[in-house]
Structures are given as structure tokens and as C-alpha cells.
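The following blocks contain the structures, represented as C-alpha cells.
Across the two complexes that follow, chain A remains constant while its partner is chain B and subsequently chain C.
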Partner chain A sequence: MTKTDLTRRRVLKSGAVAGAGLALPTMFTSGAYAFTNEPMGGTVTLGFNVPQSGPYADEGADELRAYQLAVEHLNGEGDGGMLNTFSSKALEGNGILGKKVDYVTGDTQTKSDAARASAKSMIEKDGAVMITGGSSSGVAVAVQGLCQEAGVIFMAGLTHSNDTTGKDKKANGFRHFFNAYMSGAALAPVLAARYGTDRKAYHLTADYTWGWTQEESIAAATEALGWQTVNKVRTPLGAGDFSSYITPVLQTDADVLILNHYGGDMVNSLTNAVQFGLRDKMVNGKQFEIVVPLFSRLMARGAGENIKGILGSTNWHWSLTDEGSQAFVKSFGTKYGFPPSQAAHTCYVQTLLYADAVARAGSFNPCAVVEALEGYEFDGLGNGPTLYRAEDHQCFKDVLVVRGKENPTSEFDLLEVVEITPAAQVTYAPDHPMFAGGALGECNAG
Partner chain B sequence: MKKNILGLNPKDTKFLLIVVFLTLFTPILLQPFAAGSELAQFNGGYPDLMQKIAIFGIFAVGFNILFGLTGYLSFGHAAFLGIGSYAAVWMFKLLTMNVIPGILLAMVVSGLFAAAIGYVSLRRSGIYFSILTLAFAQMCYKMAYSVLTPLTNGETGLQLTLNDPRILDGAQQGSSLPVTNIFGLAMNSSYKVEALGRVFTFNVGFYFCAVIAILAFYVAIRLFRSPFGMMLRAVKSNQQRMTYTGLDPKPYTLAAFVISGMYAGLAGGLLAAMDPLAGADRMLWTASGEVVIMTILGGAGTLMGPVLGAGVIKYLENIFSKINEGVLHDWFSFLPDGVEDVVIWVFARFTGEGWHLTLGVTFMLVVTFLPGGLIEGLKRLASRIRNGSQKRDKYDDPDPEHRPDPGKRVAGE
Partner chain C sequence: METILLQLLNGLDKGSAYALIALGLTLIFGTLGVVNFAHGALFMIGAFCAVTLSRLLNLSFETVDPTRTDFLGNPLKVKTPYVEAWFGPDFGHALIDWSVPLAILFSIPIMIAVGFIMERGLIKHFYKRPHADQILVTFGLAIVLQEVIKYVYGANPISTPAPDAFKGSFDFGALLGFDPNLIIYPYWRLIYFGFAAVVIGAVFSFLQFTTFGMVVRAGMADRETVGLLGINIDRRFTLMFGLAAAVAGMAGVMYAPILSPNYHMGMDFLVLSFVVVVVGGMGSLPGAVAAGFLLGILESFASMNWIKDIIPGIDQIIIYVVAIVILLTRPRGLMGRKGVMEE
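Let's turn to the complex of A and B:
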């Protein structure tokens, strides 16, 4: 008995020594790949990292549908969607560079930590060569940083904070969606025309990177009109009930409430505001108004009746009549039975743009992709002529100012486009103060 | 009893060696299925998961020093994890990307917080203690989330930027973010070996965590076997009797609380060292609850149990949550259409977003049938194998008179 014990121990000891020996070569990084997760076989894996739970889960579900549709179109299944209207013809419907597109999904839970963990496992375990998605700027900024370090491309989904392509911009990260500054610049003239230039605004703001820059942008734009800012109040993300934030509004002489909220938060805060009778109020001899700078159809559906007549801005709307938008709405509608949201649109477009950049560059190498996307001008993807600016990896295109429809004809026909603000009006210098303080750095190929 | 150079008896030495062996060979043990095979989905041998298992193992071992030994159930341990992360990231921003100062500061700061929170909370025991710790943790979370935004960067989380000072690292090289390292050896560098159709990844970060986990485990063994550990057990079994014999339990419980807080801080610092970002979500009450579940699932009061529990939960979280309906579709495509849909619907409840349900069911089964946790299951299995499969019942006790075993020290390993 003693004897077997001894030998077992000896075996264990030698095992430990062997383990230590194996640990030694870790100082050499792997040299087998030219860059992180270079696709070797007949398939290429993309990572779709979207919120499947939390306040932005609705957006996340729609994003995932769009990604699946994009993968189908890239692999030559379905009707091809916007591939047919896209100005670049580098994609042939045989995957990307002849490799079939495969994908993995993850749940960001709208939390930076969880999103990074899920992106990390996609990169390390599943060999994803590109990560895309996200419905929150906090998450987008966190995941963008991770992708930069890991040496893969990040194609941001729905992220509207100035910081994503401002102070937190990264060489490996790209954003198609518009941003808070653009919302402010597009909304201000419409607000001035409808509500006048003598107004007092009260801000309720989601307390994270997007809310902060959204508040800063819209306050700057409205103050330039001559509006006064009465107060700015930060509310926690996913608060659920906003009554305690709405009552103080009634105590002030503010006559406009600006809700810098998105997703489920906006649905709740708007509902609370309407329940408190804000919209029927007269202050300073003027009708009290509510403004929601960033709008989406999914939010409009959640808020129901309360959304009617409220102004906001949006990246894209399914009722647009250009060829690209119609092709996308048609193939999305055929597959899922309802029109896509703006989140779905931007995610679908981002996937196509990535695939196209790889095809044009002839390589999956992140640095080649960055080069192909920087300063790239394209059309036919639903927003008119668009530029991917090289200085900050932000897309510049027209912005839609929308309003909650008074007489919707269906449960999807909830927003009407008030104005299409041309790209020139929302373009800013790359070193604009709201975007200053960051640097792209160099592309990292791992 | 004879002790060796590490101050352990032969049984514990063997135990420690097993742990060392298991930890160092994790990259091989967690990669049992060939790449590209149907079962490759269940491979867990990638750096992120292995690091998490080692780190949460440390966290749970530390939690167990408090809960397993003294019986004080802290429901706010994640606060120390978060505090450790913030401290470490600040160190990476201000001082150096070398992880050693960051991890040391993480332990010191979380130890200080633990002393303060413990001093107040330990005035009460039982459910009141749990509620107090929960309240403190939620306060820490709220502060990190909004009030202390300049210090914690709120919801976005504290991150590195290019223009951080990093005084010890000297001039910034190039224009990309530096990576965490230990004396120049980057945490994220890996050495990949392809053998037997599998790709084994040996990652610097993981081995760094593994070595620290082994040290932490060794300290825990010594603590369990020490007179101090005996005192903590006395607190658990009967605090009143302890006071009657003239002993004040307060210093012992506070020491245990601080030690366990420092373990949590160490884990938090390591999390930041593997991925230099600290988010407030780390401090949420669900994270505190997770470590309680890890400890109970594995076996509270045992040495190996919490590590096992941490491993099982992290594995479930990372592997089961990745099985989406598309994957299920591939598995069950051989079934006829109608049946397939039903089967996929059922399985989808337990995988993907539904992995919590799998965890819940596992937890329920373990608590009901193996009150001592998974470790009890393993012990029963081992004794089955050793003694053959003869039927045993509660009347079939090998030692009906409960004679004290001279070689046996205290229960609980």
C-alpha cells in the first residue's frame, strides 16, 4: 500500500515538473498565423455580439435578425438584398473571398464586462476575425478597445455616443451609425422652426457615455438657437420608473423636456412624463413640449400613443423610398414578416461593408481592411452617398428628423420623416472639441 | 504528525500536488475533443475561460475562508472584487503596466475596505450580517456607477487611454495601447501546440493566474489546518460557548473577513490584469450571489469544493450560453421535422440565454441529493470504487460507536 502511494506521488511530482517545463515556451508568441485568427479552412467566422437581455434586448434581437440575413446574402442565399443596390460590386455571393461565412453569437447583457468576456471568447475560442454589434455606446467603446488589443476588426452596431469615434476612437473600430453631435445639428433648425427660439429646456439623461455626449450635443445646439438650459439630471441606466425624476420638472419654469434616453428607458420615461400630464401643460404661455433626440421605431412601438407628435432624429427608417432601403425592407420583410429597425439596418450595412472591404483588399488582414475602409465612398445602402472618414472612422451621411405619426396606418408605421438633413450640415472637423482627446493609433493585426 | 518543508502533513501534500497537477495541465484537460469535431463546442481550453476559472477559484476559496469556516454568509463579496479591479486599473494607468504593483495595491485597498465594512457588519450575525454586507456592496456599486464617475468612469468602465502617465514605463512607444505584462512578458501572449488533432493554447496570463491560484490555495490549506482556523470553526459551531470560555470571537471573525476580502481583491486585480477594464457591474449583488452559489455548489467548508464550483459555473456560463438555436439545429437535424422543432425548443430553454436554467437545475439537484456539494459526490464515488458497490444504508456505519480517530484532525477537508 505504502509502495503504491509512493510511486503515485512520484508520478505526480514528475507531472508537475513536466508542467513547469511546458509553461516555459509561453514566452514565444505563436508564429503560425500572419494575423489574429487568419481563416485557414473553407469558412470564415464572424462574431455577432448583441444584447439578448437587459434594457436594449429588443434592439439586440432585431440586430441578430439582420446579421443572419446579411450572412445569407453574402453566401449567395435569399434574394441578395442590398448587395444588388450597393455601389461596389466586389462581392459575388460566394461568401467572402470564396470562403463561406459562418457566425457565432454572444450576449452582451448591455454590460461592458459581459460584452468583453463574450467578445473575448469569440476571438479566442471560435476564431472570429471580426466582431460586430452592440446596442449601447458603453459596450461599443469597451469592445472596440478589446478588438484593438486583440487585433481584430470591430464594426460598431448601434452606438450613438460622440466618444465611439471621438475620444475613444480606435484604428480597428468603424462606425456606420450617426452620432449625438449629428442629432443635435440636424434637430436644432427643426426645433427652432416649430417651437421658437425662446425656450427653457430641462434634460433627463441616461448616466453613461452616450447620455453624456447626447446631452452635451443637444444642449450646445439648442443654446446656439437662444434656448436656456434649466437643469440637467442624470438617471441610472435601466431605472424602470422615472416618476421621481419627472416630478421636479413640474417645479421649474422649463417648457421643454429633453429625454436623452434610449430603448426601454425612453419608453418608461416618456410614459411617465405623459402620465404626469406634461404634454397638456402650458408654461410661460407656451405649450409644453417633449423632445427625444434619438428615436427608433422599436421605441415608438413600446411607447404607443405617447409618441405622437414628438420630434427626434434617426439614422434610417424603413419607409425611405430609395432603391437600397426598399431592397432591404423587402428581403427582411419576406424572411421575418415585419420591417427592420434602424439598428437592424446599420448592422446589416456594417456586415456588408466589412465583407466588401475584405474583398476589395483581397485579404482578411485587419490592416488591409482598415486601409480599404478609410476614406471609402459608397452608395446604395439606404442613406444616399456616404463617406467613411479616414481621420476618425465615422460615416458621414444624411440624417433623418422624424416625428411620431398622429394617425398610424399599421403597428409599424409609427414615424414620419419631417426632414432629411443633408450630410454637409452635420459634418464637423475631426478635431471638434466634442470629439477631441483621443487618437486612432495604429491598426493592430495581432 | 510528521510535516514536510511546506508545513503540511503527507495527506495535504498529496492533495496540493494533485491541485498543482490539475492546474498546470488545465489547457490539455479542458481540450478533450478534436478541433472541427461535433463535440469541439464543449472544449473549454481557451485562455479567457481558463483564466476566469483560476481567478474565480481564488475568489471562491477566499469566500470559503469566511463562510466555510465561520459560517458568516457575506452577500457583498463582489464589492471587494470590484474595488480590487479599480485599484489595479488605476495602477496600470498611473504607474506601470507591470501587473505586480497593481495586484498588490488591489489586495491592500480591498483589505482596507474589508476592515471598515467588516468592523460594522460583524456587530451582527446571521441574516442581519448578510443584509448589512449586501447593503454595503450595493452602496459601493451605486457609488462606482454614478457618484464616483470621475474615479470609476461610470457605466462605461475604467479603461486605459493613450495619454495616461504610466510614470515607470517611460515614454510611450508607438501609438497603440500597451498591454499588461510581468517584467516584459505580455499577459496575452500564447504558445499554441497542435497535437493529436487538437490545438492546445498555453497562455502566459493563465499560467500567471494559475501560479497565484496555487499559492492562494496553499495559504488556504495552512489556514484551515492552523490554530487560527480551529478558532474560526469554533465560531461556527458555537459562538456562545466560545465567549463563555473567555475568548472574544470578534478579532477572529474580523481577521477572517479581511483575509477573505483580500482574496476577493486579489481576484479582482487579476481580472484587471488579464483584461484592463473595471466595470461597476462586477460589484452588483448578482455577482456576490454567484460566489455564494459557487461555494455551496462545490461544497462549503471544504478546500477543493469552491474551486470545483467556480470551474463548473464558469464552464456552464461560457460554453452553454454559446449553444444557440443554429447549433442545436445542426445536432438534431437527423430527427423528423416536427420532432426536431420540439426537441430544439426544449433544449433551447436550457442553452444560450437559458443557461441559468441549467445552472439552477444543477444547483437544485446538488443541494437536494448532495448537501455537501459536488465534492461529496466525488467522495461517495471514490468510496464506491474503493469498497465495491455493496449496498450501504445509514445503519451500516463502519464505526457505530463514533470512536475518535487519533490521526484525524478536524472535520472539514
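Let's turn to the complex of A and C:
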């Protein structure tokens, strides 16, 4: 039996010392820094929060490659990439405001809690002044909320749910990637032109925020053009074999199947649908068609030949011939040996846009950055003239309608652009019902 | 009626995969007494055997085509598979096209070797440890194996198509007097069902009609007595582990065209297969097969839209609900033996 000599007085004394110790960092930071993680030395740290494990790890790896390329270009290394074509000339290749750009990385694991934990660690331990990345809307919404509370800027990576800049929008968060509404608005006219206005659509939808908003957006856009929605069936994430969801489609009079799936779910549901002969089927005297509203080239590889001829939409594609896209593909392709994905593109652009906003604002203060980005119009970054709308921090730009290529010349040559839908056609009012329910609030500098 | 027939076919197909995995699981449990949570990983490794053979057959040399350019504007490097250069374009192409069926032959020695190394290298050290330890170590092993696969092959699913001859669907409806194109079912899934039936039949025949199988069955019933007869039952059980690994591997190879292989497909099947084993009765081979098909069919029927309209989400929980009901009414499962996991 050991005897402890703890007394009430000693416990209180220890508690007071420990409390003062814990409070010390905050006491100093509140006086010394004007905002969270104000860069004081010769470097500035950015936090790249991407899925390095889990089902979207390959997409995360491509995002990270793009971030590393962006850091090189910001620091004046390499060929400069899209800095040479960017309409703003505030960046001079000497870091950001003369500070060399450094970075830390976190692993979101495509899980909201893990993504928040890694973002928190990069902000609190590594002093990251901006967090960017991600490959899922659930993660984007979670990390955006955390960055708002912490007083740092969040530049979203690949997130397509309407909610990110809709009901869950935050003053400190910005999205360059397009959204589900835009996919619907861009796709519907192309679908009507190719498949006619008298169609019956059957939706299979991933059962989470992104799937719901995409289903709502595509159904609204196609119904406005005369299509009927026969059924909307929710499927669990990671269902694996979708055969039991595909076979009921055969029993209806639907003549179009819309797959509101992404990643592995998209690969499996599309593969199953093709295996069940849906594409060879004639219904109502018409050829049965399959539509995948959000395409990703990285994922399309998993579906192999099954994507041939399938229509969908994408934020950007390496085959674009504008100056900005070509400069980025050249930089990325020379460094890594293959063309970048749309995820890589949006992450690269977001890093440049943040750096440019800081340079134009002359400060890393998040509120100054917010002011510089709100209502900002730019060009030369691969999507044509683009606006960062002040009301919801969503980028408005052209949207690409793509189709699985019939005769690919390489393993990267899977999609072909069939139409570039002008930004005006995919623009909506800030108070559109699909985006209602949230408020940006005030910017938080920490 | 058509819907019911289609979902029945779907259920038989899913049930085939569950039954094949559960068969191996219960074989290992019945012989070695080990609860092997790494068994799903063996299914996954099998699927990646198909991917590996496909990649090996697609190994190519490059020739420059100056008339075309790549994405950077450089002359395009055209890839030609070595097998097409060696055996002629037609035969070489046929070899690549038939990579999945060929992968069955490729996978058997690999899976037996993986099973042997797994059993001799790690699992045998846990025979006398509690089931909780066995579950932890095999679960850990499953995670290690799936991370290794992810490191080598990446995180995205990899398309591994069936031979061109088996693409498309068979019109069951026309055969049964329904309208054409009403009840169609993909050829490859029908082949999978037939393949599962053959493998299950072969395993049962092996255990039932060979001396080796007889000794194994005797060992499953009373290991000590068989040992006292001077038979090295441990060696036979190790071989059974290899056999179970080969069955799981072959199931994975044949499933690759149905579900593009990805590193976590084993884990997705493992949990359901365990439920299958428990429902069938721990250690009962016929129980595992019967429960595999039963739960596959039930899961398929529960996915029907009108059933989900009545009970939303039932497709996600039906297997567990049935498992609870069966375990409450028949605590040893459908065909469980007395004394198994009851000490």
C-alpha cells in the first residue's frame, strides 16, 4: 500500500499553476497577433488537407501534386504555370508578400471528424494561415465550419454539393469548383437536344448531402424541359453490387437512368447497369440512355469501356485549348508525366487565388482576404472569365458537358468535351430555393 | 412476377459470393478453431490476382508514332502488348480478353501459398489463445493486407472486364414465355452462379469421398482421437487453410468483372459472410452454404422498391434482422452443432 501525500492545498496550487500554463499561449497570442497564425518570419504556412488514405486517396494524391506545383510557382520555381496566364499580375514569383510559401499536409481520410482533426492540428500546431483541399462535400462543409470558428480562410477543393455555398456557406469559405445546380443547368439542354424532351428518368442517388442536392438539381432541370421523373431511389454509400437497384429499372417504363453517384459507387453502378444490358434496351420506342451528371476522369478509369458515350459534366478537362489550361497541363505533365485531373486543377487554382488575394489586399488578415476575393473577376485560369460572387463565395464560370470517348488514344483520354455551357446559363440568384437556409455571417480573423 | 424472378436471380448471385466466402470461413473455423477475420482479404487478393494477370498480359513495349501527338504535343508513344508481338495479334488479344478465366489457374497456387504463409507464419501462434485474440490478430492482418494492396494498386476501383464472349445478357423472359427483354440477366453473373455451384460441390465431394477428406472430417469431430491414431492432423488442417484460401481467391477472381476490384472489397464482404456463418451455424459447411443463399436472396428481395416504400431502409438491415430472429429461435444457427464455441 503506497501512501500519497496529496493535500487539498497542494491540489489547488498545482491546479492554479497548470491553469496559468494552459492559458499562457492564448494570453500571448491575443496581444501579439492581429489575427490567427499571422506569419511573423520569412515564411508563410499553408495547410493542404487532402484524402491521403481511404477511397479517394488517388484523387487526394493528385490534389497534393497540384498544391506542390502551385507552391513551386508561387516561390518562383519551375515554369510559372498559370501565373503567366492569370489576369491578375499581383503575384511576382517571390512567395506571398515576399514570404516564402511553405506547406503542411493533413489526411482527411474522407471522414468529417478526421478532416476536422487534421485541419485543427495544422492550424494550432503548424500555424497554417489557410486550409484548402478535400474530395467530398461532407468533409468540405465540416472543415469550412472549423475554419470559420478558428479564424482562417478555407479554400474548398473538390466539393459539388449545393450546400457548401448554400445552406452551409461561411464567410471564411470559398469554392472554385462548380456545383450540382450548375451540372443540372448545363446538362439538361444537352440531354434534351440529344435525347428529346419526351423522356422518363429514373434516378439512383447516393444517400448523403451531395447525392440529394444533385438529384434535386438534375430532376428540376430536366423536368423544366419536359422530362418526367419516374422514380428516385436512394442507395447506401459503398453499396458495392448495385444489381438489386438496377433490376427494378427494367420493370418500369423509364428510358433514362440517371446515376447520382461518385467515386467507387459510380464505377459499380455504371458497370452493373451496362452489364444488365440497359444500354442495348429499347423502351417507349427509344434507345435507353444512362447519364452520370458528375464525371471524374480518375474514377472513369475504373469503369473502363462502360463510360463510352455516357454524358456528364465536369469542372475542367485537360484537353481544353485555352492558354491557361495548356500552361497548367504543360507544367503538371512535364513534372509528373500525366495530365492533371479536375481535382488537381481546382486545388491549384484555389492556391493561386488565395495568394493573389493576399497580395492584392497587402495582408494575410482573413477579413482582408475575404474582401479581396468577394466580387473578384478574373481570367486565364482555365475556365474563361470567372466571378467569385460576394453573396455566397461561389465561383461562376463556364461548365463543361462531356461524354465518354468512343476511341481513346491513351489511358487519360477518356472524356471528350461536347459543349462548353456559358456561365450565364448556370448562374442562379443568391436566394435560389436550392441554396436557401444559411447565411455567410461575418468574417472571423480569430 | 418478373420482378420476383429477377430478384431471385440477383439473390442467387449474391448468395453465391457469400456462400463461397462463408464456406472457407467455416472450413477454417471447423478445422483449426480459428475465427479468421482476414478471410475477406483473401477474397480481395483473389480479385487482385485477376487484375495482376490482366496487367502482366498487358505489359507493352512502346513505339513512337510521329503522325500523332500526346497531351504535351510530343510524338505519341504507342503501346503494343508483348503477347500480341509474340503470339500474333489475334491470339495475343484473345489471351488478354480471357485474362479473368485464366486468372483462376494463376490464382490457385498464389492463394494456396498466401494461405500457407498466413497460417504457418502468424495464425498458428494463436491456436491456443482466446477467440478475442484470434479476431484481433486476423482483423489486424486484414487491414495490413488491404493497405499493402492499396499501396501497390491505388485506391480507385480497377476495371477488369469479362471476356467479350460473355458480355451482354441472357433473355430469361423469352425462355419462360414472358415478353422479350423483360427478364434479362448478365451472362457473367450466370457463369458466376454455375462456378460457385461447381466449387461448392467439389469441396463437399473432396471432404465426403476422399480419404483425406474423411480424416479431416474426423479431425473436425474429434481432433485429439485422430491425433492419437498417429495421424498428423495439423498438417492436414494447414492444407485445409490453403484450400479455404484458394476457394476465397477463386471467388474473388470470378467476382472481378462484377465489381471492379478495390482494396476494401474484402472488408465489405467479410462482415456479411460472418453473419452468414453464424446464421448457418458455426462449423457447419452445409449451414454456411444454405445461409449464404438464404441471406443473399432476402437481401435482394428487401431492395425491391415497394418493400422499401413500406419499411424504408429495410434493405440495409434485413440480414441482421433475420440473423437476430434465427439466433433467438435457434441459438446454434440453422445447422449448428452442439458444443461448438460453447465451452
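Of note:
Convention: the second predicted complex is superposed on the first by the 416 of 446 C-alpha atoms of A that agree within 3 Å, B and C clash if a C-alpha of one lies under 4 Å from a C-alpha of the other, contacts with A are read in each partner's own complex, and residues count from 1 in each chain.
Going forward, contacts are C-beta pairs under 8 Å (C-beta built on N, C-alpha and C of every residue); 3 or more make two chains touch, one makes a residue touch a chain.
Computed from a predicted model, the values in this text were never measured in an experiment.
Residue contacts after overlaying the shared chain place A:A327 against neither chain B nor chain C. In the superposed model, A:T247 lies in contact with chain C only, and not with chain B.
Judged by the touch definition given at the top, the superposed model places A:N231 against chain C, while chain B stays out of reach. Contacts of A:T271 after superposition: chain C is touched, whereas chain B is not reached. Look at A:K120: by the touch rule set out above, it reaches chain B but stays clear of chain C.
Of the two partner chains placed around the shared chain by superposition, chain C is the only one that A:P339 touches, whereas chain B remains out of contact. Of the two partner chains, neither chain B nor chain C is touched by A:L294. Touch criterion met: A:Y208 reaches chain B, while chain C stays clear of it.
Common to the chain B-facing and chain C-facing surfaces of chain A are residues 53, 236. Within the complex formed with chain B, the residues of chain A that make contact are 5, 8-9, 12-13, 15-16, 19-20, 22-23, 25-30, 32, 52-53, 104-107, 111-114, 116-117, 120-121, 124-126, 137-138, 141-142, 145-146, 148-150, 168, 171, 207-209, 234, 236-237, 437-442, 444.
Interface residues of chain B, counted against chain A in their complex, comprise 14, 17-18, 20-21, 24-25, 43, 46-49, 52, 145-146, 149, 154-157, 159-163, 174-177, 179, 185-186, 188-192, 201-204, 207, 275, 277, 279, 281-282, 318, 321-322, 324, 326, 352-353.
Contact residues on chain C toward chain A in their complex (touch as defined above): 2-3, 6-7, 10-11, 13-14, 68, 70-72, 76, 150, 154-159, 161, 167-169, 181-186, 188-189, 258-260, 262, 264-265, 268-269, 299-300, 303-305, 308, 315-316. Residues of chain A that touch chain C in their complex: 53-59, 231, 233, 236, 238, 240-241, 243-245, 247-248, 250-251, 263-264, 267-268, 271-272, 275-277, 280-282, 298-299, 301-306, 318-319, 329-330, 333-334, 338-339, 409-410, 412-413.
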